[in-house]
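Below are structures written as structure tokens.
Heads up, the next two complexes both have chain A, just with different partners, chain B and then chain C.
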Partner chain A sequence: MKDNVLLSVKNLSVKFKTLDGMNTIIEGNSFDVKKGEVLCMVGESGCGKSLTSLAIMGLIEKPGIAKADEIMLDGEDISGYSEEALRKLRGNKMSMIFQEPLTSLNPLFTIGNQMDEVFRLHRKMDRAECRKNSIEMLRFVGIPAPESVYKRYPVALSGGMRQRVMIAMALSCRPKLLIADEPTTALDVTIQRQILNLMQSLRKELDTSIILITHDLSVVAEMADRVIVMYAGQIVEQADVRDLFKKPLHPYTEGLINSTIRLGEKCERLKTIPGTVPNNENMPKGCRFHPRCPFATDRCRNEQPQLINVEGREVRCFRYEGSEN
Partner chain B sequence: MKKTKRFFKLLFRSSTGTAGVLIFLLVCIAAIFAEQLAPYDPNMMDLMNMTKPPAWMEGGSISHLLGTDNLGRDIFSRMLHGARVSLTVGFLATICSGIVGTILGLISGYFGGIVDHVIMRIADAFYAIPGILLALVTLMVVQSSGIGTLVIVIAAISWVQYARLIRAEVLRLKGKEFVRASRTIGASPWFIISHHIVPNVWPTFIVVSTMSVASSILTEASLSFLGVGIQSPLISWGGMLSDGRALLATHWWVATFPGIMITIAILGITFMGNWLRDVLDPHNKGL
Partner chain C sequence: MARYLAKRILQIIPVLLILTFIIFCLVYVAGDPVALMLPPEAGTEARESLRAALGLDKPFHEQFIIYITNLLHGDFGTSYEYNQDALQLVLERLPYSAQLAAVAFVASVILGVVLGIASAQYKDTPFDLLVSALSALGQAMPGFWVAIMLILLFSVNMKVLPVSGAGGFEHIILPATTLTIMTAAKIVPLIRSNMIEVMHQDYIRTAKSKGLKNSAIVFKHAFKNVLVPVITIVAMQIPTLMGGALITETIFAWPGLGMLIYRGVANLDMSVVQAGVLMVAFITILANLISDIAYCLIDPSIRY
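Let's turn to the complex of A and B:
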């Protein structure tokens, strides 16, 4: 493993046990996260972005089953770890924040009470130390008057403030990896901006790697160093953010980028990708994207493409065969 | 101090709540101070004063406020002592069934899987048999009818509603983001249950418990009325009702007053439960 890689996932699959047998949602995905980088995962709803991150955290619940050949986090393979061993890592080495800051805090306890949890769990601090550190963290994420917020109940805080609290909680133990599952989807645009800026500056300060899950390409352009595009449970393209926006290789990525609106551009209707995401129980044969792909050939209809290396990036498409390196 | 003030503010805002709490307190006082308050020994027979009507009726006297029964026992005194038995049974049965039902509901809801299945099927089985019938048969079989037996029997038929309600609450809470968030910071199941689930289930528990006190009192009264509950010389409202049943046509007051007492007590406790449900709503907190 290379030195600058923090997280290395090899061949991760997530399956769900259903009445009709095993239903594979994520199939054989491998990727790396480098130290201190922001990796964005994009894709439509239901393509497995969130499941991938939950699988890394070891939080897939029955009837789901996550399997991976290897999940190397900072030099240790956590794929076979017991629930207890994982619990020691969660909140400590890796953390997660969710989409819904409004419900992510227990309405019955004060902010301080809930922030102290992390320190109690992982650092075994006493009350005074917890309090001191929690207030310090609140200040760190830019909350004004942290002493007073510390004593408030969640109802008294706005969505943006609550997401800041969640970020403070997630970063309390200086995790190496922060997974942010659509952290700004529930917030309005100005607050979204603030939260993203906050995450950027915290990353620089703490040298935390971030996996940012989103379906908002403007967020990707803003935040990402590298991008993974997922479609129907598979990684279809992996590239540096500049390369991706400059020249998307996979037809799906191209479709995604084309469907956004550019500033100053006049258009009546947004461009869309025709068709819908295939149902998990009824995956098309061959390339999963072929029913919606303008370049589909007979080969695409019958044979599954593999991820291939092209110009230092990865793409799952037959069109680039021969130009690999 | 601030909390006490807030409590009374909340109480006086609701008229049914005030009524409920007042009735409940009165019944409690009657039960606790029965000995001091009762003008007569409740089991003292007075053959000179059999079936005396209440004070305000013709032939009644102020010395027996609510009259006497067919053995000349003072009904008012008996009712005060009856409150003691009824409340004891009501509370103990609620505590027993509450503890068992809540723990099973928590386990069932949080851990799911086979454990959940087993617990819930047992609950279903209990649910399928009419409670009073089960209690009746059990009490007849064991042939002992002390307070202890009665409590256990009533608890056995009423834990199911706790288990089900708490389980449903836990399932609801388990899907909440703050439980997920807590897991991502490495909290153990025990921590999550004690810090996130139990405090949120608490209001439901309190409300169900209050209602359960009422229904336990009612069950006890029914069982005593049917003759398998509290036996003489212990006095219960249900037992008094049963004693008075035969005299209903000629001496209505013997059965009527304990009947009214049961109704008022149940009503009061139910009012109190409804009020508590509003007050304990977690969304009222912190505002």
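Let's turn to the complex of A and C:
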């Protein structure tokens, strides 16, 4: 493993046990997260972004099963860790914030109570220390009057405030890895901006690597160092953010970028990618994207393409065979 | 909080008034107590004079006003059967009912919460299926049948527990068991389904992502949320156990409120029925108030 890599995932799959047998949602995904970088995962709903992140945290619930050859986090392979061992890492070395700030905090406990838990659990602090550190964290994420917010219940806070609390809670133990699962989707645009800015500045201050899951390409453009594009449970492209926007390789990535509106561009009708994401029970044979792909050939219909290296990036498409390096 | 409480307590007054009216109406149409009090050969004149003495010849609204006025003076009427003040009778029987209800309620809540949480945790395992089957069975079995089976097993065959009556602790075991089976069977599936629902909430996922132990997640984060929908239904078991245990109390000859009301109905002893039912209604209102206060303490959004 290279020195600058914080997280290295090898061959991660997530399957669900159903009445008809095993249903594979995520298949053989491998990727690295470098120290201090923001890695964005993009893709349509249901393409497996959230499941990938939950699998890293070890939070896939039955009937789901996550398997990986290796999940190296900061030098230790956590793929075979017991629940107890993973528990000690969660909220400590790696933590997560979620899409729904309104429902992600327990409505029946005060903010302080929920913040204190992390310090008590991972840092074995006493009540006074917990309180001091929690209030410090609330202040750190830009919450005004943290002493009074500490005593409040979630119901008294706005969505943006609650997401700040979630971020404060997730960063309490200075995690090496923060997974943010669509942290701004449920928020107003202005609040979105504030939360993204906050995450950027906190990352610099704490040197935390961030996996940011989103389906919003403007968020990607603003936040990402590198981007993973997922489609139907597979990584279809992986590239630096500039390269990706400048020259998307995979037809799906291209479709995604084309379906956004650019300022100043004359646009009669919004471009879309025809078709819908395939259902898991009936994945198309060959390339999973071929039914929606304008370049599909007979080979695409019958054979699964592998991820190949092209110009220092990865893409899962036959069109780039021969230009590998 | 204090204002809310004051409001809730004031609300009790009209509820009690309406209840009194309904109970009075029901008793009014139930039958003529004079027919029961006098021997069949008594003449019309004797009947009329007794009616007049009891105030039963007056029009309906006048009778009601007299009834309410008497109630406010603490006069609940006299039992024809026991020849004793009706309220006195009810108050004498109340401790017995309270004792039985307390034992059954505590046992049901403990059993219901423990089995409900456990079967939600081990959802779809053989243990969960067994608990679900048992609670369905518990709800399906009629109370009187359970009571008779328990008597047959423990009193008649094994001869370890008394058949009926009140006395030492051994007397309370069988009636309390009967009531516990019926009540716990209601609480278990309630806790189980609410627990399963709560465990899928986002804040539980947050708690897991913080690295909390499963026990902390279940007993702290989930359980308090389970209480919110469950608390009223559980609190409402109190009046059911206190006054609604008519059949169980009667079978075990337990001298409680239920048996008193049952005998009152059987003998058309209306003052006793009225006083007894009013007491049960009052307990119901009280239980309701307690559950509302408990809500207030648990859920901050109600306070806001």
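Here are some notes:
To be clear about the criterion, the second predicted complex is superposed on the first by the 325 of 325 C-alpha atoms of A that agree within 3 Å, B and C clash if a C-alpha of one lies under 4 Å from a C-alpha of the other, contacts with A are read in each partner's own complex, and residues count from 1 in each chain.
In this section, a residue touches a chain if its C-beta (ideal position, glycine included) is under 8 Å from a C-beta of that chain, and two chains touch if they have at least 3 such contacts.
As the structure is a computational prediction, the values presented were derived from the model and not from experiment.
Superposition of the two structures on chain A shows chain C clashing with chain B.
After superposition on the shared chain, chain A has more residues touched by B, the comparison being chain B against chain C. By the touch criterion defined above, A:211 reaches neither chain B nor chain C. When the two structures are aligned on the shared chain, A:149 is found in touch with neither chain B nor chain C.
Using the contact criterion defined above for the overlaid structures, shared-chain residue A:59 touches chain B and also reaches chain C. Once the two complexes are overlaid on the shared chain, A:90 sits against chain B and chain C alike. Once the two complexes are overlaid on the shared chain, A:100 sits against chain B and chain C alike. Residues 57, 59, 87-92, 95-96, 98, 100, 103-109, 117-118, 121-122, 153, 155-156, 166, 169-170 of chain A lie at the contact with chain B in one complex and at the contact with chain C in the other.
Chain contact summary for the complex, chain A toward chain B: residues 57, 59, 62, 84, 86-92, 95-98, 100, 103-110, 114, 117-118, 121-122, 152-156, 166, 169-170, 172.
The part of chain B that touches chain A in the complex is made up of residues 112-113, 176-178, 180-188, 191, 195-196, 199-200, 282-283, 285-287. Chain A makes touch with chain C in their complex at residues 57, 59, 87-92, 95-96, 98, 100, 103-109, 117-118, 121-122, 153, 155-156, 166, 169-170.
In the complex of the two chains, the chain C residues touching chain A come out as 201-203, 205-213, 216, 220-221, 224-225, 228, 298-301, 304.
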